[in-house]
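You will see subunit A twice below: alongside subunit B first, and alongside subunit C after that.
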Partner chain A sequence: MTHFFRRFPGFIVGSVILLGTLLFSVLAPLVTDTSLEAVASAPPSLAPSGLYLLGTDAQGRDMLSVLALSIVPTLKIGVIAGLVGICIGLTLGLLSGFFGGPLDAMVILVADSLMTVPSIAILIIISTKVEDVSVELMGLIVALLAWMGPTRTIRAQVLSSRERAYTAVARANGSSELAVLFREVLPNLLPFVAASFVSSVSGAILASVGLEALGLGAQNVHTLGNTIYWARRYSAVLRGQWWWYGPPILVISLIFIALFLLSASLDQIANPAMTRQAARKRRKKQGGGDLSISSDAPSAIINTDTVVSVRDLRVVFKTNRGTTGAAVDGVSFSLNRGECMGLVGESGCGKTTLAMAMMSLIRPPGQITSGGVFLGTLEGSGSAHNPISSNKRWAEQNILELDEHHMRRIRLKGISLVPQAAMNSLNPVMRVHDQIADAINAHQHKTSRIGLKTMIEEALTSVGLPVTVANRFPHQLSGGMKQRVAMCIATVLRPQLIIADEPTSALDVVMQRQVMLTLRKVQKHLNAAMILIGHDMGFIAQASDSIGVLYAGQLVERGPTAAVLEAPRHPYTHLLSESLPGLDARKPLSGIPGLPPELFNLPSGCRFHPRCPYAFDRCITETPAMQLIGTFRYVACHLYPKHSSLPVRPANKPDAAGDMKHTINFATSATH
Partner chain B sequence: MTIKYVFDRTIQLVLVIFIAMTVNFILPRVIPGDPVEAFLRSKMATSGGTVTFDIAKVGEEYRRKFGFDKPIWLQYAHYWNDVIHLELGVSLIHFPSKVSDQILNALPWTMGLLTASVIIAFVAGSVAGALLAWPQTPTWFTAALSPVMLLSTVPAFLLAIIMLWVFAADLRWFPGGGGFSSTHILRWNLASVRNIMYHAILPAGALVLSSLGGWALGMRALAISVLGEDYIMFAEAKGLPSRRIFLWYGMRNAMLPQVTALALTLGSVISGTVLVEAMFGYPGIGSLLFNAIATKDYFVIQGIVLMLILSLGSALFVIDMVYPLLDPRIRYN
Partner chain C sequence: MTNLLEVRDATKIFRNGPFWARDTTTAVDKVNLILTAEQPSITGIVGESGSGKTTLAMLVLGQLRPDSGSLIFNGKNIDAMTPAERRRMRREVQPIYQDPFASFNPFYKVDHALTEPLRNFMLANSRLESERLIHHALELAGLRPAETLGRYPHQLSGGQRQRIMVARALLCKPTLIVADEPVSMLDASLRATILAGLQTLNRELGISILYITHDLTTAYQICDRVLVMYAGSVVEFGTTEHVIREPKHPYTQLLISSIPSVKQTQQWADTVALDVDQISPDSPKANSGCKFAPRCHSVMNNCWTTAPPLSQIDTDRAVACLLY
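== the complex of A and B ==
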């Protein structure tokens, strides 16, 4: 319960204010004598003093009593209008959204037309004609124009939930349309109904106070708006009799603030994404030198061919409740010029997080807590290409420690990203050549227009796109073309490292191959290193030179593609490649039993041990470190270096092959 | 933007105006209460109360003059005839001054005030809202903007009263109402312009301050959702400077729904202006309406409503035409 209050403070504050005003209107009459006849005998136009805490008006009425008496009728008008508006809105919205057709068209047409008329105009006409306006009638009149908002909101929600999976499931189960309406759609509408109600009330009070201030309000009743009207009639403003119109305005404002807070928090309840975005906004400065790199973190052989070296990279995520989990936990590897490393792993193992971390694009609630990324200089590639400084040797500069300004210079020029779904990665309102020019101008100032044009055309041609694409908008291109545009942007400045985050996952198989071939061609031409992220092992096997296998945020195996796939050393890799269906032999599909561990509830020791058929007691207690077991073969597993390759898989019998001490039954090893 | 698009929108405009005008015709006639009766009664009350004529007969004459005695369909036909000729009738109070004359006199004042305040509030509010959503905005900006956002919960006409009290009655920095000084003769010169500006500052200020917060909040919500989009992340991965991403990738995309919001709330923007003018006695449509209501000058009221409907419809049409220029996805459909 307190959790709710902490997350939605607006709800509490708004309710408190409203209840406070109501309380005032109930209590104040107990303190003062409120019958209007009695108070009307006070001396007129008195400033606030002893007996009359808020002074009196021109007719001798005690303003405190008048204020207290006028709150309830004003709120009443709002509530009546809100209720009527919600009833009409619910009915029309549900019917028109759910059944569609001519009913829907008519409802929308009427709502749109009424929206064209300034509401105040209609209200004025009605109020002018009706003689004796009572509070209830006022509420109804104002409700006439309050039904359109709720109708549209509810209709929109109904339309979107119609298409959602849970209604489809209900229909597939044989429920009638009406049953679906009541059981599936209606309950999900509740937060929207509540939010619409509050904003209807707010709009109704606004309209009624406006009408009353013009003199068209309920007669013979004290409302907040009427008080203001009379104040104006008696020139109280220009005479400085602030006690007459000031308090009503204050109370009206308080009511509006309260209603606004209520509706804002109801909006947040209805749409939780809003609060999460606010949390993401609290961004801390990245970097700052407190990135400790463990000195015995294994990394690859450092030579002049190394383009990038990642050492002991660690990215953690914090939850609202304070727990932290490491999405990337101590990953180290390095890449040489021209090498393409395929990074494979299950969904959620941290591949994209690793890619983002390398470009220092991690946003809260994620944070890079330790580790380093070191970029090499591309000697002999024709350009002195150190984006940081030509003085520093590459081995000494951890780009994660750079400030945002320098990091920005490295992005795209040193490390570039080919995003996953290019359909969403291109700015929809900018032409293609503008988006490429953007990138070029951000890194190379003062390129001439002709130079720019040439660069863009060359870049487009290199990815296999016709030059006419430059003038188009993204929505005019097909999926494959958009992906190539993204590739083109990522390679136009000849980066050292290209990170391709599942660049072809959103495309069909034929396109996948073509786009991948183009990407490889460009990479070879630039002699750049590439990280190819994906979970289609077969596809990545074809496209990459080496492979890194990621499991639960840790690198478990690394080596040349062919070697790793033909003779995998880590049990996980072995099971992965076993699960790939082959074209030659027909065998039953096998997967890997169990599920990847939860980020915040990781197993002790080796993270794979609950699912590993080779697990023994050391695996539960000790996390295996990455070790070199051959030429450019790394594996993180306790089976090595004792074994030279994966033993024959033990059955649930104690006579496992090799020198293993005991075999723990698979069923009992999952003790979490 | 195809011919079909323009044609569709035009047909929509005509249809919507037709329905709105019909409602404008039907509504007063459906609600009980007779304007002529009320008018006569008020005239009697103000003239001392002695009755020297047959009220019913005079009422009949008025009704015949204003066409209330004819069958309803004939009235409807006459209504449309009048509308097309922009013949809005004559004012009951300021007889025989024509309603259209009165409106045309008041219109420029309202147009000036309205366009100026809407443009200022919309642009300033949208930029402020986008900045509120941008993570790199300095905190002092957010803190400074909060009181302004709070002001937006106060309706414009009430804010007008407060401003009148503070700036006109108390501090006497600005005049307490009117469009120009009563002693000043309006000419086409700088002195007149300055005089008009001086009088317009408080009403415009009330309008701008009360709507700024609304625009800012709406834009903030839109900008937050735009900033979560993939193309913003890709723009950062391209190494673009923050300002460029904010303006050309963030705001440029968030403006589209914001302009739609402007179109949808134009009706209430106009209502707010009308009420503020009434508070200030600014010689625009607002004051005209206020006085017409107070004196129950029925035809003036109806004429003003008509004009408001037409202008709102046209404004929406214009925004519909502008929208394809902003969003290429609509332009090249």
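== the complex of A and C ==
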């Protein structure tokens, strides 16, 4: 509970202000004589004094008593209007969102047309026509003009949750349509309903105070708006009687602040992503010790062919409870020109986090705590296309030390990313030509129109698209073509390093092959290095030159693709490539027992030991270091250098405690 | 003996746009499929995205009505069923969806998905019995009830959640499970165990399974028969060994040659020319002949004019291609 309050401080502050105001209005009659609120029960126009704490007005009313009595009716109007508005909104929003069709069309038509009408004008007309408006009636009148907002919000939420797979599952479970609506869809709407209620309350209070200040609305009761109206009637401002209009304005402001804080924190509770974005963006470098980098980056040879080298990179995530976990932990490797490294591992092993860290795109609660990403450049040279030129000096730069402005220039031009669902990264309302031009213009300011056109046409041709595609919109292209356009944007500025995060996971095998072959062709043409992230070993085997295996944030094996797959050294690599079904033989399917460890609960020693069939005592206590075991073969495992290759699997190693069994005993359980 | 499920010339056409510029897509085009009751089998439906395999699944689940043709479940036409029969079919044909993350309502604990079918189909008489049934189903799906029940979906892994979905389907005592890409969102290491689970359900409990996928390797591992779809039509159908070992239809051949292999000896050859006609299968040219003709490497003149019928070429294989 305290955790909740720490996360949403606005919620307590808002509630405290609102409760304080209410308490004042309820308790004041107990300590002061509220009968003084009647006309001429006190001397008129007195300034605040010991006897009359907030002074009196021109008609001899004690202002403290008036204030105390006017808070509750004002809030009552707001709450009535909010409740009625939300009831109408919930009913119409649910029905029209869930059942759709003509009902939906009608509701939306009415709501939209009412929203275009200036509601305050209608309110003025209604309240001048109706005699003797009570607080309740005032609430109702305001509600009739305020239900459209909640209706639209709730309808939109229903529409999105109606399409979720869990409603389909509920139908398969035999639920009727009404049960789906009330038991599956409605509960997920509650936070939205609450936030929407609070904001309608404040809208209603605003409208009613505005009307009353004009002398309309409920006039026979004390409300904050009416007090302001009378102060205006008697020219309190001109006479300098601030105690007359000041306190009600202050109380109204307080109520608004409280309601705003409540509604904002309810929004946050409903949509936790907002908290994360609001968190302060920190890119902190603590002291010099953090960047102490061991230079044991596994690579073929560190020479001028090295495009990028990652050294001892560490990305830490922090929870609200204060625990930390390293999603990427001491990863080092380097890549040569033209090399494509396949990065494999189960989901949750830190593949995407590593890629994001290399682009310096880690957002809170994640943080890069140590290490560097060194991007090589030829110093003083205009073009990076001739690396063999002898009179130029090779220099490398830790891009994690760059500020955001310089980093933005590196992205796309130095390192570019082909994201996971690349086809969805295109802007649907822009022509392909303009999207590519945008990318170029963001980095090169003085490109002529003709130069731009040639660049775009060359780039499109390089990914196997006809130049006519430039004039099309994304929706006029097929999935594979969109993927190619995304690849074209990622490579048009000739980056040194391309990071492709499962670039073909949404495509079928035929398309996968074509897209991947094209990407490799472009990469070879640019002589860029590439990191290819994937969990499908077959795909990586076909598309990469070398492999890096990631487990629980650590690099456990690195080497040439052919050698690693033919004779994996790390037990994890072996199990990973074995779990892939092939077309060679129909063998019993096997997976890797257990699950990757949780980020905040990492095992001691070697992180793979709880799932490893080869684990022995040393693995539990000591973390294995990356060691060189052959030409460009690195492995982090205690089996080496004692063994020269992965030994035969020890038979019948019992499953580690707490892990899920990997062979399912259907046969035995099905009989009873 | 009546068949468990008969799909007869089922056709589903989707219409888009206003009536004056109506755009029609034939998602499923005269598909025939028979699942026998006495021999529960795993039938794979394979095809690329947009080939109509999910639409076919929705027809079988009764979520969509065919525009023409019929679906016959246990000898009864779906359209002519009484409400009680319809309810029984709704219980006996159970889906497993692709996304184990979206399949759970985040508001409830995972127990909700398991108690609902028992409540709705009135399968348990007491609280104790429903508890016993749930425990049994979870164990069948390879889960430990104590580690699963009482948790929220986000506290479980994708593999565990998909197993709960299998357990959920089992609680309904199904005769047919329609698994729509059940493992495509899971890691390769978890796929194997879920698929082995489906296989055992078929063998031990006699539940027929329609396994819908775009991944031929998993289909090869678990299916008895494979049906290959292209643009809404069946192009090849036969036993798994036949279809995958010696594919006859050029499309099946293309699919199989595109499967990435871990073996470096079987390299992805650069044989597939990368011209643009081939990379846009989403817009098959309207022709009266074979839909695959624009992409086919052995296309003949009459392919453009004559639609090939699905014809039996040996005892357990049918191909829709004019080459045979």
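Keep this in mind: the second predicted complex is superposed on the first by the 547 of 672 C-alpha atoms of A that agree within 3 Å, B and C clash if a C-alpha of one lies under 4 Å from a C-alpha of the other, contacts with A are read in each partner's own complex, and residues count from 1 in each chain.
The rule is short, and it goes like this: contacts are C-beta pairs under 8 Å (C-beta built on N, C-alpha and C of every residue); 3 or more make two chains touch, one makes a residue touch a chain.
All of these numbers come straight from a predicted model, not from anything done at the bench.
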{"item": "First (subunit B), second (subunit C), both or neither touched by A:Gln444", "value": "neither"}
{"item": "Touching partner for A:Pro428 - first (subunit B), second (subunit C), both, neither", "value": "first"}
{"item": "First, second, both or neither for A:Ser645, with subunit B first and subunit C second", "value": "neither"}
{"item": "First, second, both or neither for A:Ser160, with subunit B first and subunit C second", "value": "neither"}
{"item": "Contacts of A:His475 with subunit B and subunit C, given as first, second, both or neither", "value": "first"}
{"item": "First (subunit B), second (subunit C), both or neither touched by A:Leu575", "value": "second"}
{"item": "Complex contact set, residues of subunit A against subunit B", "value": "109-110, 112-122, 124-126, 128-131, 206, 209-210, 213-216, 228, 232, 237-240, 242, 245-246, 249, 252-253, 256-257, 260, 273-274, 277-278, 280-283, 359, 361, 408-413, 416-417, 419, 421, 424-430, 438-439, 442-443, 473, 475-476, 486, 489"}
{"item": "Complex contacts: residues of subunit A adjacent to subunit C", "value": "164-166, 168-175, 179, 184, 187-188, 346-347, 464-466, 477-481, 484, 506-514, 516-518, 535-539, 541-543, 561-562, 565-566, 575-577, 579-583, 586-592, 595, 660-667, 669-670"}
{"item": "Subunit A-touching residues of subunit B, taken from the complex the two chains share", "value": "15-17, 19-20, 23-24, 27-28, 31-33, 35, 133, 135-136, 150, 153-155, 157-158, 161-162, 164-165, 168-170, 176, 221, 224-225, 227-231, 233-241, 244, 248-249, 252-253, 256, 264, 267-268, 270-271, 274-275, 278-279, 289-290, 293-294, 296, 298, 301-302, 304-305, 308-309, 312-313, 316, 326-329, 332"}
{"item": "Interfacial residue positions of subunit C with respect to subunit A in the complex", "value": "48-49, 61, 63, 87, 90-91, 94-95, 97-99, 102-108, 113, 116-117, 120-121, 136, 139-144, 157-160, 165, 168-169, 172, 187-193, 195-197, 199-201, 204-205, 214-218, 220-222, 244, 254-256, 258-264, 267-268, 270, 272, 274-276, 278-283"}
